[in-house]
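The following pair of complexes shares a single chain, chain A, combined with chain B in the former and chain C in the latter.
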Partner chain A sequence: MRARLFHLWCLVCTCCLILTLGGIVFYLVSQSLPYLNGALFFGDTPVWDAISGKTRVWGALWPACVGTFSVTIIALLIALLPGIATGIWLAEFPRSRFSTGLGLAIDVLAGTPSVLMGLFGFTMILFLREHIAPAANHSLLLSASCLAILILPYLASTTRTAMQSVPLSLRISTHALGMNHWQRIWYVLLPRSTKGILSGIMLSFGRAAEDTAVIMLTGAVASAGLPSSLLARYEALPFSIFYYSAQYQTKGELGLAFGASVTLMCLTATTFAITGMVYQQSLSPHHD
Partner chain B sequence: MILRSSHIISLGLCLSLCSTFITSCQQQQSTTSSSEGKAELGTFEGQSGSINIAGGTAHIPVMQKAAKAIMASHPDIQITIAGGGSGVGAQQAGKGLVDIGNTGRPLKEKELALGLVSHPFAIDGVAIIIHPDNPVGELSSQQVASIYAGTTTNWKDLGGADQAIHLFTRDEASGTRSVFVKKLLKQGTVAQHANVTASNGAMKTAIAGDPGAIGYCSIGYINEMVKAPKLDGIEPSNANCVSGEYPVMRKLYMNTKGNPEGLAKTFIDFICSKEASTYIEASGYIPLHAGN
Partner chain C sequence: MQETDSILPAASRIPHLCLLGLVIPVFVLIALLFGFLFWFSLPVFYSGGNSIFSGEWQPEQGHFGIIPMIKGSMLLAVLTLCLSFPAAVGISGFCLLHPKHRITSLVHGMVRFMTGIPTVVYGLAALMLLVPLLRTWFTQSSGFGLLACLLALSLLTLPVMIMILENQLRESLNQHQLTGTSLGMSRSEILTHIIIPCAPQAFASAIVLGFGRAVGDTMLPLMLAGNAPQNPESLFDSIRTLTAHIGLVLSTEHGSATYNSLFASGFMLLAISVSLTVITRKLERSYQRRHPQASSSAQP
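This part shows the complex of A and B:
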C-alpha cells in the first residue's frame, strides 16, 4: 500500500514537471509566434548585407545571435585546455592533500553564483585600469574570460567522471603491457572517455550561452552591432531578453524579447539534446 | 547507439521550433522603417572611433535613434549603448568606463566630486498610471501621497470600486523614483509593502495586469496598456510639462568626465541640436534645445 502511494506520488510529480515545461514552452512560442520571421533577426536590413556585416542591423536579433555565439566560443577556447587538464589530474594522479584540495576548489567554483563571477570581472577591470592598463575596459574578451572561469568546473568534473568510468580491467591491462603513465592516458584513457568529455564541452557551451549575470556586468550592452573586435562591447541574446522585457516601449520590442527567448531556448535545447545522445552512447557497452 | 525516447522528444521539439521559424523566415516582412528626418550630420565628417554610453534607461531610445542615423552615414563611428540606471551611468562615467553616462536627475554631490559635467538635453514628465478598467479619472497630490504612505488602502475611498490598492514603485537607483518622491510625494514616504519593479516597461506590465494597481512611469511610456489619471485636474502630457502646469517632471542629462572632447563632444552637440529633436520627440520626451 505504502509502496503504491509512493509510486503514485512520484508519478504525479513527474506529470507536474512535464506540464510545467509544456506550459512554459507553449506560452513562449505562442507569444513570440507573430514575431517569428526574418524581421525578428534582420529588421529591415537585406539578409545578405546583415550576415556579411555590410549594413548594420537595428532593432533585431542578428547582432545578439552573433555576440552570444562569439562570447561562448571564446569562453570555451579559453577554458578547454585548463578544464580538461584539471580533470585528468584529478582522475589519474595519486590522491594527495593537494588533489583533495583541488577537488574541493572545483566543487566550490561550480557552486559559485554567476553574478559573483560578473562582479569579479567588473572589479578586475577597475583594478587593471588603475594599476596596469589604463585603457582596459568592458569587452568581449573580459566577458569570455569570466564565462571561462564559470564553465571550468563543468569541464573538469565531466572529464574526471569520464576517465574514472574506464573499466579497471583495462587499466590493469595497460600495466601488464608495460605502458607508462603518459602512454596510458594518451593511448587508452583519453580515447575511451572522448564522448564523456565531449558531452561536458557541450554542457559548458549551453551554460555559457544562457548566462546573463556575468555578461551584463562585463560587456554586453543594449545596442552595439556585430562585435567588431575582442576589445569591443557586444550584444548577446540573454541580455537582449533581459533588456527588452524590462524596457520595451512598444509591443514590437516586447515581441523581440519573446523571440530572443525562443531562439535561446532552441539553441540550448539543441545542445542539451545532442549532449544527452552522446552521453547515452558513451555509457553503452563498447562492442569493439 | 541508444536513443532514449526523451531525447527524441526533446530533439523533435527543437527541430519543430526551428522549422516553424525557418518557414516563417521565408515570408520576409519589411518592418515599418522609422521615418527619420534628414538630420544634419556634417559635424561627424572625417571623424572615427567609438563612443560608449551607459546609464539611465529612459535615455536609450533617444540614443539609439541618434546612433542609428549617425552610424548609417558614418560607418567608421561605433556607438554602443547600455542601460543600468542613473546611478550606474554617473559611476561608470566617473570611473572612465564610458564616455557618456546618462542620468535622469541632477548629479549628487558625491558624483560631482568625480569631476562630472552635466549636459541636459530633454524634459521628461512622470505620471501616475493605473489599470485601464479602473474608473478613477482624477487624483489629487494629497490622495497620491496618502496612497503611497499606505494610509489610503481601498479604491472606494477614491471614487473607485471596492478593491484593495496594490502599490508599485521603482527601486532606489531609479531616476524616475527620485523625481516622483521629490516632486509629487514632497519627500513623503513610500510604504514598505510596495512592490518594486525594475524599469518603466516592467512597471507598465505590472499595472496592465492588475486591476487594483497604482504605479508611476515616464509620460513617454504611456500607451493604451495603462491609464494616466489627471493630477490635481491637470492632464499629464508633454504639452503641460512644457507650459510648466504639470509639475512632476525632470530633465534628462548626459554626463561626461570633465568637458567633453572629440567625438563625444560632437555627439553631445548633435543630441542638443535642432536636428536631433525629432529623435527626442519620437521617444516621448521634450527637447530642451528645440528653439536653437
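This part shows the complex of A and C:
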C-alpha cells in the first residue's frame, strides 16, 4: 500500500515538473519570438558599425552581450590559475593543517550566497575611496574580481575531483617508474584530468555569466554602451533582464527583457550541457 | 607519495614554490573576504546592538532593526523546503523506479537544463506568469509576496536536491536490490520499505543544500517578494529577506546611516551559510564512511 502510494506520488511530481518547466520555457520562447531578430541585438544601427563600436547602440542588447562576455572572460582569467592551483594543492597535499584550513575555506566559499561577494566588492570600494585611492569607483574590473571569487571554489573543487579520480593503478605505475612528485603531477595527473578541469572551467563560465546579484552591486548599469575600459561601468545581460522587467514602459522594452532572457538561457544551458557531457566522460572508467 | 613530500629534491622545489605562491593568495583572499565582513559588522554588535536586533525598520526615525528580514529569510526558506523537498523525493524516486524509461532520461535532461537556467530568468517568468495569476485567483493580494516567491524558489532549489538524492539513494538501491528481489519485493517496495528508512543522511544532505540555496538566493526575493520590511502574517504578505535587503539598500540608498544594518545582515547570512557548510561536510564524511567506494562528488 505504502509502495503504491509512493509510486503514485512519484508519478504526480514528475508530471508536475515536466508540465511546469515545459510551460515556462514555452512561455518565454513564445513571448520572445516576435523580438528575436537582428533589431533585438543591434537596434537601428548598421550591424558592422555596431560591432566595431563606431556607432553607439541604443535600446538593444549588443552592449549587454559584450559586457557579459568581457566580465566573464576577465573573471575567468583572474580566477583560472589560482583556482586550478588550489585544486591541485588540495588533491596532492591533503595532509597538513594548512590544507585542511584551505579545504574548509573553499567549501565555505562555495556555500556563501553570491550577494555577499557583491557586498564585499562594495565595501572594498568604500575602503579604497577613504584610504588609498579616492577616485576608485564601481567598474568592470571590480565586478570581474568579485565574480572571480565566486567561481574560484568551482574551479578548485572540479580540479580536485578530477585529479583524485585518476585510477590508483596509474599512480602506482608512476611510482614504479621512479617519477618524483612533480613529474607525476605534470606528466601524468594533469594530462589525465584535462577533461575534468575543462568541465570545471565551463561550469564557472556559466556561473559567472548568469549571476546577477554580484554585478548589480558592483558596476552593471542600464545604459552604459560598450565597456570603454576596465575602469568603466558596463551593461550585462542578466542585469538588463532584471532592469527591463521591473522598469519597462513600452512593449518593446519588455521584449528586450524576454529576448535577453532567451539569449542568456541559451548561453548558459549550452554551456552546462557541454559541461555535463564532458564531466560524465571524465568520470567514466573507460575513457581515454 | 608521502616520502617524496618530505625530501623534495632541489629541482622540484621551484614548482612547489610556484604552486604555493598561487595557493597562499587564495587563502589570504578568502580570509580577507570573511575578515572584512566581520570587521565591518563588529561595530554593530558593540554599540547599537539593541537597535539592530529589534523588530522595527524605520530609517527616518533611526530604527534599523533587521529582525523582520531574518524572520522573512527563515520563513521563506522553510516554506520553500516544505514544498520542494517532497517533490524532489518524488522525482528522484521516479528516476530510481524506472531507470531505463524514456521519461527518466527526459527528467535527467531537464534537471541538467534547470541548473543552467539563470535565476533572473525564473524571476522574469514568475513576474509575468505567476504574479498576474495569483492576483486574479486571490483578489485581496497584489500577487507579490511570500507565496509567489516561495513557488518560484522551490523550482530553483529542486535540481540540486534531486541530484543528490538520486546519487545517494541509487548507491544503496544497487546494494540491496538483489536481496530485496530474492525476498519477492517489487522495486517500489524495496525503495519504500528498505532504502528510504535507511537513508536519513541522504535526506539531511538534500535538505541542508536546498536550504542553503533558498536562503542565499537574491534575485527571486528581490523581484517577487514585495520587499516590505514587516513581520509576515499570511502567505500573501509581502516580506523582505536578508539577501534582498542587502541588494535593495545598496542599489537605492547612498547614505551611510543604513550601511550598518547591511553588515549585520551580511554577517547573519555568513553565519547561516558557514554553519550549513559545516553540517554538509559532517554528513558527507558519514556518507563516505558508510560507502567507501562511492564517489560522493555530485556536480555542484
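Criterion: the second predicted complex is superposed on the first by the 269 of 288 C-alpha atoms of A that agree within 3 Å, B and C clash if a C-alpha of one lies under 4 Å from a C-alpha of the other, contacts with A are read in each partner's own complex, and residues count from 1 in each chain.
In the analysis below, a residue touches a chain if its C-beta (ideal position, glycine included) is under 8 Å from a C-beta of that chain, and two chains touch if they have at least 3 such contacts.
Computed from a predicted model, the values in this text were never measured in an experiment.
In the superposition on chain A, contact of A:Arg233 is made with chain B only, not with chain C.
Once the two complexes are overlaid on the shared chain, A:Leu152 sits against chain C while remaining clear of chain B. Shared-chain residue A:Val221: touches chain B; no touch with chain C. Once the two complexes are overlaid on the shared chain, A:Phe120 sits against chain C while remaining clear of chain B.
Of the two partner chains, neither chain B nor chain C is touched by A:Phe205. When both complexes are overlaid on chain A, the residue A:Trp62 reaches neither chain B nor chain C. In the overlay built on the shared chain, the residue A:Thr14 is in contact with chain C alone; chain B does not reach it.
With both complexes placed on chain A, chain A has more residues touched by C than by the other of chain B and chain C. Once the two complexes are laid over each other on the shared chain, residue contacts for A:Gln247 go to chain B alone; chain C is not touched. Overlap of the chain B and chain C interfaces on chain A comprises residues 245-246, 265, 269, 272-273, 276, 283. Chain contact summary for the complex, chain A toward chain B: residues 25, 29, 33, 36-39, 41, 43-44, 47, 56, 58-59, 125-126, 129, 137-138, 220-225, 228, 232-233, 243, 245-250, 252, 254, 262-263, 265-266, 269-270, 272-274, 276-277, 280-281, 283-284.
Those residues of chain B lying in contact with chain A across their complex are 1-4, 6-7, 10-11, 13-14, 17-18, 20-21, 24-31, 33, 50, 52, 54, 57, 60-61, 63-64, 67-68, 71-72, 78-83, 95-97, 198-202, 220-221, 223, 283-284. Those residues of chain A that touch chain C in the complex are listed here as 2-4, 6-7, 9-14, 16-18, 20-21, 23-24, 27-28, 31, 81-83, 85-86, 88-89, 92-93, 95, 98, 101-102, 104-120, 122-124, 127, 149, 152, 154, 156-157, 161, 165, 171, 175, 180-183, 185-186, 203, 206, 209-213, 216-217, 238, 241-242, 245-246, 257-258, 261, 264-265, 268-269, 271-273, 276, 279, 283. Residues 1-2, 4-5, 8-9, 11-12, 15-16, 19-20, 22-23, 25-27, 29-31, 33-34, 36-37, 40, 86-87, 89-91, 93-94, 97, 103, 106-107, 110, 112-125, 127-129, 155, 158, 186, 188-189, 191-193, 212, 215-219, 223, 243, 246-247, 250-251, 262-263, 266, 269-270, 273-274, 276-277, 280-281, 295, 297, 299-300 of chain C touch chain A in their complex.
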